[in-house]
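See structure below.
We call the chains A, B, C, D, E and F, going by the order they appear; numbering starts again at 1 in every chain.
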Amino acid sequence: MTSKRILITGAAGRLGTILRQSLAGRFELLRLSDIVPMTATAEGEQIAPCDLADAAAVRDLCEGMDAVIHLGGIPYETGWSEMLRTNIAGTVNLYEGARHAGVDRVIFASSNHATGMYPNDRTLTGGSPPRPDSRYGLTKAFGEDVAALYAYKHGIRSLCLRIGSCLPKPDNRRALSTWLSHKDFVRLVEVGLTADYVHEIVYGVSRNTRSWWDNSAAYRLGYEPLDNAEVYAAEVESIELKAELARLYQGGNFVPEEFTSRREWLG
Amino acid sequence: MTSKRILITGAAGRLGTILRQSLAGRFELLRLSDIVPMTATAEGEQIAPCDLADAAAVRDLCEGMDAVIHLGGIPYETGWSEMLRTNIAGTVNLYEGARHAGVDRVIFASSNHATGMYPNDRTLTGGSPPRPDSRYGLTKAFGEDVAALYAYKHGIRSLCLRIGSCLPKPDNRRALSTWLSHKDFVRLVEVGLTADYVHEIVYGVSRNTRSWWDNSAAYRLGYEPLDNAEVYAAEVESIELKAELARLYQGGNFVPEEFTSRREWLG
Amino acid sequence: MTSKRILITGAAGRLGTILRQSLAGRFELLRLSDIVPMTATAEGEQIAPCDLADAAAVRDLCEGMDAVIHLGGIPYETGWSEMLRTNIAGTVNLYEGARHAGVDRVIFASSNHATGMYPNDRTLTGGSPPRPDSRYGLTKAFGEDVAALYAYKHGIRSLCLRIGSCLPKPDNRRALSTWLSHKDFVRLVEVGLTADYVHEIVYGVSRNTRSWWDNSAAYRLGYEPLDNAEVYAAEVESIELKAELARLYQGGNFVPEEFTSRREWLG
Amino acid sequence: MTSKRILITGAAGRLGTILRQSLAGRFELLRLSDIVPMTATAEGEQIAPCDLADAAAVRDLCEGMDAVIHLGGIPYETGWSEMLRTNIAGTVNLYEGARHAGVDRVIFASSNHATGMYPNDRTLTGGSPPRPDSRYGLTKAFGEDVAALYAYKHGIRSLCLRIGSCLPKPDNRRALSTWLSHKDFVRLVEVGLTADYVHEIVYGVSRNTRSWWDNSAAYRLGYEPLDNAEVYAAEVESIELKAELARLYQGGNFVPEEFTSRREWLG
Amino acid sequence: MTSKRILITGAAGRLGTILRQSLAGRFELLRLSDIVPMTATAEGEQIAPCDLADAAAVRDLCEGMDAVIHLGGIPYETGWSEMLRTNIAGTVNLYEGARHAGVDRVIFASSNHATGMYPNDRTLTGGSPPRPDSRYGLTKAFGEDVAALYAYKHGIRSLCLRIGSCLPKPDNRRALSTWLSHKDFVRLVEVGLTADYVHEIVYGVSRNTRSWWDNSAAYRLGYEPLDNAEVYAAEVESIELKAELARLYQGGNFVPEEFTSRREWLG
Amino acid sequence: MTSKRILITGAAGRLGTILRQSLAGRFELLRLSDIVPMTATAEGEQIAPCDLADAAAVRDLCEGMDAVIHLGGIPYETGWSEMLRTNIAGTVNLYEGARHAGVDRVIFASSNHATGMYPNDRTLTGGSPPRPDSRYGLTKAFGEDVAALYAYKHGIRSLCLRIGSCLPKPDNRRALSTWLSHKDFVRLVEVGLTADYVHEIVYGVSRNTRSWWDNSAAYRLGYEPLDNAEVYAAEVESIELKAELARLYQGGNFVPEEFTSRREWLG
């Protein structure tokens, strides 16, 4: 099924803005929803303000849509009451609306913070059970479970993206592992709009050499990231590296002595 | 750490009643909480009525406890608003209360319905990602994620029991796989009160021959179920069996012809 | 080695007739043998009546052949004496004849009934040991062993086809797993006539979504089935499906409530 | 179930004689059958001459038995007609008789020659598909398939012993791998008379260090061989060993030079 | 074979002194050799000064010994000429001497620096190929290869100990992984003197929770370390830990916020 | 980086001569070094006599080189003193020289004799730990360790070739496993000159059907051997084969009887 009419929630946010620009003019209808005011600027765009906590409004919002890209919700750590209202109830409302509207698929912006309490030396897949690092991360784990319910029981294709660090470029060492370039984010959403799946959880991450995440499930769906945070690695790494040598290798203090290896082989 | 002061939520319910009887007199304090009225009947019992949706009340409820057995919440499928209030917010309140009280561990009554949309021929472990079969099951999956947050981030040991069918005896074929005897339920809770773990999800199931669930994680913690639904299998199976033969074996209609095998080897 | 002169035993049977039509005119010689009368109808066909229980006649029958497609024998369940005479001794006679004639390869029509006592939830390969469901199935298992003897000891390439349900189209649920389309049967025999192998046991089955059999060994030899019983699944499945839901999923009675998933995802 | 009344076919043969001596006086009834004349010599023994090719006679022979140890048949390579009559039809007759008599279990003397065309460097299990090395080996493979039919379809426990080299002591290098001591043979049969199984194929081999066969299935049933051909290894090996060194190690001619390793570590 | 007469090379060094004290009076003869002067102080001790680079002297040194504990050599990084003379040629001399003397076994003090260029996040076994971090580490890798030559070709049992940090107690974070307590060192040497092996490379490390090394090979030989650097972990870790949290977990800056987990679960 | 200036040590030897002919005229500079006299015969060749035991001379020898193909050293079993001087110290000198000259990569001619004490039935990879069969093999294992030190610590790419039997054609059965054709040797060296690696140990062997070595690491680097010793197998095998049959198969003496299998399937 080709998605022609697409709803983006949270369309005024950072991720929403990236998508809006990339998807403009490519679909019959791009319905842009947010709780903050927006203006339509491209052909096919339709502005539809909505509070996700309002179940009836969300049901209307979904009407006539083929696909939903659900970016809406609070994207930072905050108190329980807001989390329960916007991220928990809001996501339930969104999926209920999608079910009533006969929406074919929902792309859900989960987050790497759903698994943030894993140590760095663990390679995760979308099948790795949640270890949220925050209330925020917990609501994302919940959204993945909602997605599973509606996929397996109600037949709504659900792609959950555990988005890493969606930034212009990686600006610290952690982001060398977690970076999702703007272009790769768009690529991944495009996959979500066209691929054949039931319920999948994948990581929203570029093809980073240092990625902590085995994203082969995304690759099987057709995701082909082109960016790699490693391009920025020298920039990020240069100064801290030498001092850290003894800590990285098992040989400890024997290592740095006369050490002359190639910069790019360290670590 | 030995748990001496124990809180049971949902203590007036079916599972709570089983536990209350078995644990009576074995701890310094057994605080029994429910939203319905109860009366203390054994030494060491303390009745503490509470609505789990009331965060402040739950915080008081947890005060001074070493361990919590969290059975409270709605145990059947119902509408979203009740689910969000009692099972979602209620479980958050419980864990927040436990954190403030310095509780060592929480045993959370999750449910097999958190994974109910898996087909029967899949062997699941506690690590199998949720596929809820209902709003109810979704709230249980959520509770497991809450448990992960509080375990890994806040140091509360969390044991999640995906309870099967806790019944006097299995009364249909499905229960031959999912049965949890009353005694094994108590055994499993005892393990939860004494074993060493961080965050574990296990199935609440007896040592059923036909179990769909690989419960080795529970066994590693020390769980030693003694009951097996199979004891009741003949009773459950007898009549339906013969007719189903051709469907069970690959040989189809060739199978029943002259078939004389032992009853107990079928399937 | 290219097979140019080919013997088909059991050529008047159902499978033999399919092959005869498909192979007509494609080889230097197609020797068609059966115990029932036949008439040559295409160029290159040669009719050679023969009783497989007659060792000397079978030896003559094999003379000058490059390959044998051994379909002959009783294809249904019957008494021991006939089985021993036609299927057991007959197959020994065939292979002895092939050895004396220096035949390069024998394609042996084994049957899925050689493994019919496996339950449906077991995925079998050609390496799965026999569990015959009948005297008939036992004679097929025996034929596979004869093939192994002549392959490994006497250098006759042997391809054993555990044929499923070779029908115009699947007409019951079991056949959704076991169906072998007429065209795929021919494809598989063509592979047997040209591929490089010593002794292989594969399943004669189309590329059915619900196949019980991992036929990768056949795929490695070059078999590329094009038909899939699934095309007929809706037809076969439609009515029985809904009622069976609770039995298929672990969630039991929680599953069908409000269940609205896509038809094609069930099971 | 405890076997009290036991039939041994082929009781006058080499293996039968070993068993007869060891089992004498230990069961309520030991019915000893062979086509050659025998005399009862111990209490509880009963002589029952029988030609296995005579189906009716075999049916009588099985009457009243709890268990059958089926050693009967031709134990060497010979022509097809004898093989079909005695080993093929004879074994079918035996199992049919057992079924009619309600025999609980049959221990079938298969042979390592059912898998004789495997190279030595392959470690086999009872699940390794037959590669007979002879007509004799083929009949043993057939017997295993008969056993599967009667076990899975008719509920007769079947233990197939792929007997190695049952000799007083190993007398050549091959037997260092294949030796089955008389005592271990008896032990294995005892396991067969008491253990709980449906259909198992195991190797009849002692705990030889050089065994080609992973007999863990037998061990799981309780078989605990006490003999090891290795005890006789030095005797067998001594002279040939030194000359063979270069062939055993990858280093070739570099190996024997100055070679001084311990005798017992070679190979 | 029980070792009664034991040679320790490098007996005056740090490791040698530990062993000498622990082994005193437990063997018929303890021959203590070093290039520096020593004095016998216990019964059964014999002082035998020797330069390992002197092949003839080393041959005499080995005379009459059952076992050799080869600790001799330069234990720090230095220039090539000394390394080649003492550690390379010296070790060859030692093994040649052992061979001529018919020594049963040699325990060789290898070093973790033979694998020092592996990053910390790699779990190594004795089978992990060398990645020396220094000339010193290279000579230890060489010694392991010498040991293999003499074990497999000449029948001298060889146990190579890749010794970690043999210290009174761990004094930095690296040593939490690499610590070998004095007592565990002695235990490991005792295993080397009594166990049954051909050629084994194991790590000389206590049962440290944070060990980088899978020492199961040593455990299979019977090594049962009783010390664990973790006992000293709090001491070592305390201050640096909190600041490092964000770096250890995938959640980055989301992790430390409100983080209250148990000290001992970190990392 | 493209290697333009290449040093070959041991250039007058058997392997050196093969390389010299194949590489002539393909690089800016081919510096040919040996301890025996040579004459330049092709454009771009430069003769540079050198004793590898002379560290200063070797340092000069490496000056200005991009890559070194280190074939120099004693290629047969001989006494310790020569081994230590030429193969041990010589290889250290070579790598030290390479480090000072900033050489990008070294291809080191190791040998299959570094692992010669493995039995033939073990499939080895470059990661298989050394089991030298000789002093010669030990020096090759040492060279691999030197290569690891300089690769991981000093950034010199190191490819170690455990060369099999580099001969015009295989002339005995062992060489059917170990043969390295002249052309494949050149191909492998070409891979070493161009591929991207840090430290690799691969086998120098053609694509022999009977190879004992899993050379997939070499294939990953791009090595595509075209020769297969099997082409010469019939020649080598013919006579010995028949007599050896009983020894190869588990069936022993049952095998050769009437054995008529295809020549090429044996073994």
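Criterion: contacts are C-beta pairs under 8 Å (C-beta built on N, C-alpha and C of every residue); 3 or more make two chains touch, one makes a residue touch a chain.
Keep in mind that this is a model prediction, so the values were computed, not measured.
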item	value
Distance in touch steps, counted as few as possible, from subunit A out to subunit E	1
From subunit A, the most remote chain by mean C-alpha position	D
Angle, in degrees to the nearest 5, of the Cα rotation that carries subunit A onto subunit F	120
D-F or B-E - the one linked by more C-beta pairs in contact	D-F
Rounded Å distance between subunit B and subunit F, as computed from the means of their C-alpha atoms	62
Length of the line joining the C-alpha centres of subunit D and subunit E, rounded to whole Å	50
Set of subunit B residues in contact with two or more other chains	117, 133-134, 137, 152-153, 255
Which chain pairs touch, all of them	A-B, A-C, A-E, A-F, B-C, B-D, B-E, C-D, C-F, D-E, D-F, E-F
In the complex, subunit F residues that touch subunit C	255, 258-262, 265
Residues on subunit F engaged by subunit E in the complex (per definition of touch)	55, 80, 84, 88-89, 92, 96, 117, 127, 129-135, 137-138, 141-142, 145-146, 148-149, 152-153, 199, 201
Contact set on subunit F toward subunit D in their complex	77, 112-113, 115-122, 124, 133-134, 136-137, 174, 177-178, 212, 246-252, 254-255, 257, 267
Touching residues (chain side subunit A, partner subunit C) in the complex	99, 152-155, 198
